[in-house]
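Below are two complexes that have subunit A in common, paired first with subunit B and then with subunit C.
Up next is the complex of A and B:
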């Protein structure tokens, strides 16, 4: 109880700094991080659409930013966040619906797959996009 | 959409029941189909330049799917950020202000983007 101190030796729930990192934990954290990133990204995609509706000058300005080096890096990170949030979101739906994949081994492997899917998927999309 | 438990027990201790959770999942299912289309389309549209992007948005199927993607994604992200704010901001005033700001920002973005799509679509034939 509050104010009575802790007489027993039972462990506290560990804080983030002293928690041993593992795949499912990283997977959960990055789901939230990518979600936050996509929130910001939606406003940038929105700016693209509004510029398109505004006229050629506004669109040229957005294109100039998008094709600059920081713009290209940001777009690459955005596509990686989309793919990660997509893959891990699908896993959440599978957890909630058919309720499979809770076994620790499977869950860890699945987290690794989601990270790999995001990184490799983004690389494939950007190579295809620059070739065709 | 409501759960049968809610109609029996009222809204529960959180005051909101499971409605938030269900809406998050329903928009997620919609995005499962819309996001792959959107990713492919926006790359094709961006590579086509100003005129090409306009022509792409002006096609009715693309305009409709674009509006559906925007609606599902924006509602989904409003729900998601709401939970993040509730998790990390304990101070009541700040929390309420951020929750309202979240709603305003998302609705403003929805209005601006959906109106842009409609403008491009309706002025294309003119």
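Up next is the complex of A and C:
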């Protein structure tokens, strides 16, 4: 059963509907979202490797999808997810190990940094990749 | 269980808009209203308050509304100075106590005032905190000892006493627990930041002799480990405490006693 006492007729007070988000809250849910993204991305790597082993036609097919516009967008988002999950994962290690960064102000700044790291990092990697 | 939307019958509808007074500094407030006698869905009532007539805190605004505009508005309050925790509610989208939050601190054209999130509503801004208090009772927030009581008192060094700073100040207003998405989705199984902060307060008390038992009581996939460091608790605490850090320290104690 969800939460407390849905058997009674009293209404449940609004939660997400009214909440003013904190950076740390956004950072937490995007850690999970990017984690799910990586899970899906692992299958894509699998498909790429299988195609590589199967032969030129199969590889050409996967490459065609990867170089299409939706494929490129997906890959860009995926690279962002990798970078975000990496940065935020390190932060979780620092939270859980030496227990540093619990001050709300510091934690918010750190979340902003992780988002910036993912976006700018992915942009840099992609511009380098297109350059070479 | 995660349910992002409100259940049927809980979604607030548009309510009554009260007349706007003359004045230079008139502020608009959207206040959550629900009456068990009337039944039906809750609603957002709109009030206009001339801030030249009213004190600086949100609690002053609520008292002004109750005295001068609409006497049916129900809310809890007592000390009006941040030590009792009664007037905890959601103000401008964040949980805090109404008596220490100034209306000028909240940006935007109007200020929303709602009960603490994801709780059953008794009336208007009054949530039913039975579950919250039961969780506090679960962590047994009192000294537990086996050795015979000393003749005078249980003594503590200054350093041992300092460990309780940042923990004992909790006023049990429930702002933190009801700010936590983990607590929203699993409030029936996860103890929540407030109860866990108190659990830690007794775990590190040098005089307490039930540390092992206390840790046993928390060793559970839900009671302690539903904390995902979302940090809403520390962000909203009106006393500036940090339940997230206390929870991390309990997790450390769990690991250390096995190692």
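Note that the second predicted complex is superposed on the first by the 118 of 132 C-alpha atoms of A that agree within 3 Å, B and C clash if a C-alpha of one lies under 4 Å from a C-alpha of the other, contacts with A are read in each partner's own complex, and residues count from 1 in each chain.
What we mean here is this: a contact is a pair of C-beta atoms (placed from the backbone, for glycine too) under 8 Å apart; a residue touches a chain by one contact, two chains touch by 3 or more.
Please read all numbers here as calculations on a predicted model, not as lab measurements.
Asker: When the two structures are overlaid on chain A, which partner does A:53 contact: first (subunit B), second (subunit C), both, or neither?
Answerer: Only subunit B; A:53 stays clear of subunit C.
Asker: Using the touch definition from the top, say if A:28 reaches subunit B (first), subunit C (second), both or neither.
Answerer: In the superposition, A:28 touches subunit C alone.
Asker: For A:18, is the partner it touches subunit B (first), subunit C (second), both, or none of the two (neither)?
Answerer: In the superposition, A:18 contacts subunit C only.
Asker: In the superposed arrangement, which partner chain does A:42 touch: subunit B (first), subunit C (second), both, or neither?
Answerer: In the superposed model, A:42 contacts subunit B only, not subunit C.
Asker: Let me test your reading of the model: by the given contact rule, A:102 touches which partner, first (subunit B), second (subunit C), both or neither?
Answerer: Touch partner of A:102: subunit C, not subunit B.
Asker: Touch test for A:71: subunit B only (first), subunit C only (second), both, or neither?
Answerer: In the superposed model, A:71 contacts neither subunit B nor subunit C.
Asker: In the superposed arrangement, what residues of subunit A touch both subunit B and subunit C?
Answerer: Touching subunit B in the first complex and subunit C in the second, residues 92, 96 of subunit A appear in both lists.
Asker: Subunit A touches which residues of subunit B in the complex?
Answerer: Subunit B reaches subunit A through residues 25, 28-29, 31-32, 35, 39, 42-43, 46-47, 50, 53-54, 57, 73-74, 77, 80-81, 84, 109, 112-113, 115-117, 119-120.
Asker: For a test of understanding, state which residues of subunit A touch subunit B in their complex under the given definition.
Answerer: Counting only subunit A, the residues touching subunit B are 32, 35-36, 38-39, 42-43, 45-46, 48-50, 52-53, 56, 59-60, 63, 66, 79, 82, 86, 89-90, 92-93, 96, 125, 129.
Asker: Can you list the residues on subunit A that touch subunit C in the complex?
Answerer: It comes out as residues 1-6, 8-20, 22, 24-25, 28-29, 92, 95-96, 99, 102-104, 107-108.
Asker: Tell me, which parts of subunit C touch subunit A in their complex?
Answerer: Going through subunit C, the ones touching subunit A are 1, 3-4, 6-7, 9-12, 32, 34, 36, 39, 41-42, 90, 92-94, 112, 114-122, 127-128, 130-131, 179, 181, 184-185, 187-188, 228-232, 234-235, 242, 244-245, 248-249, 251-252.
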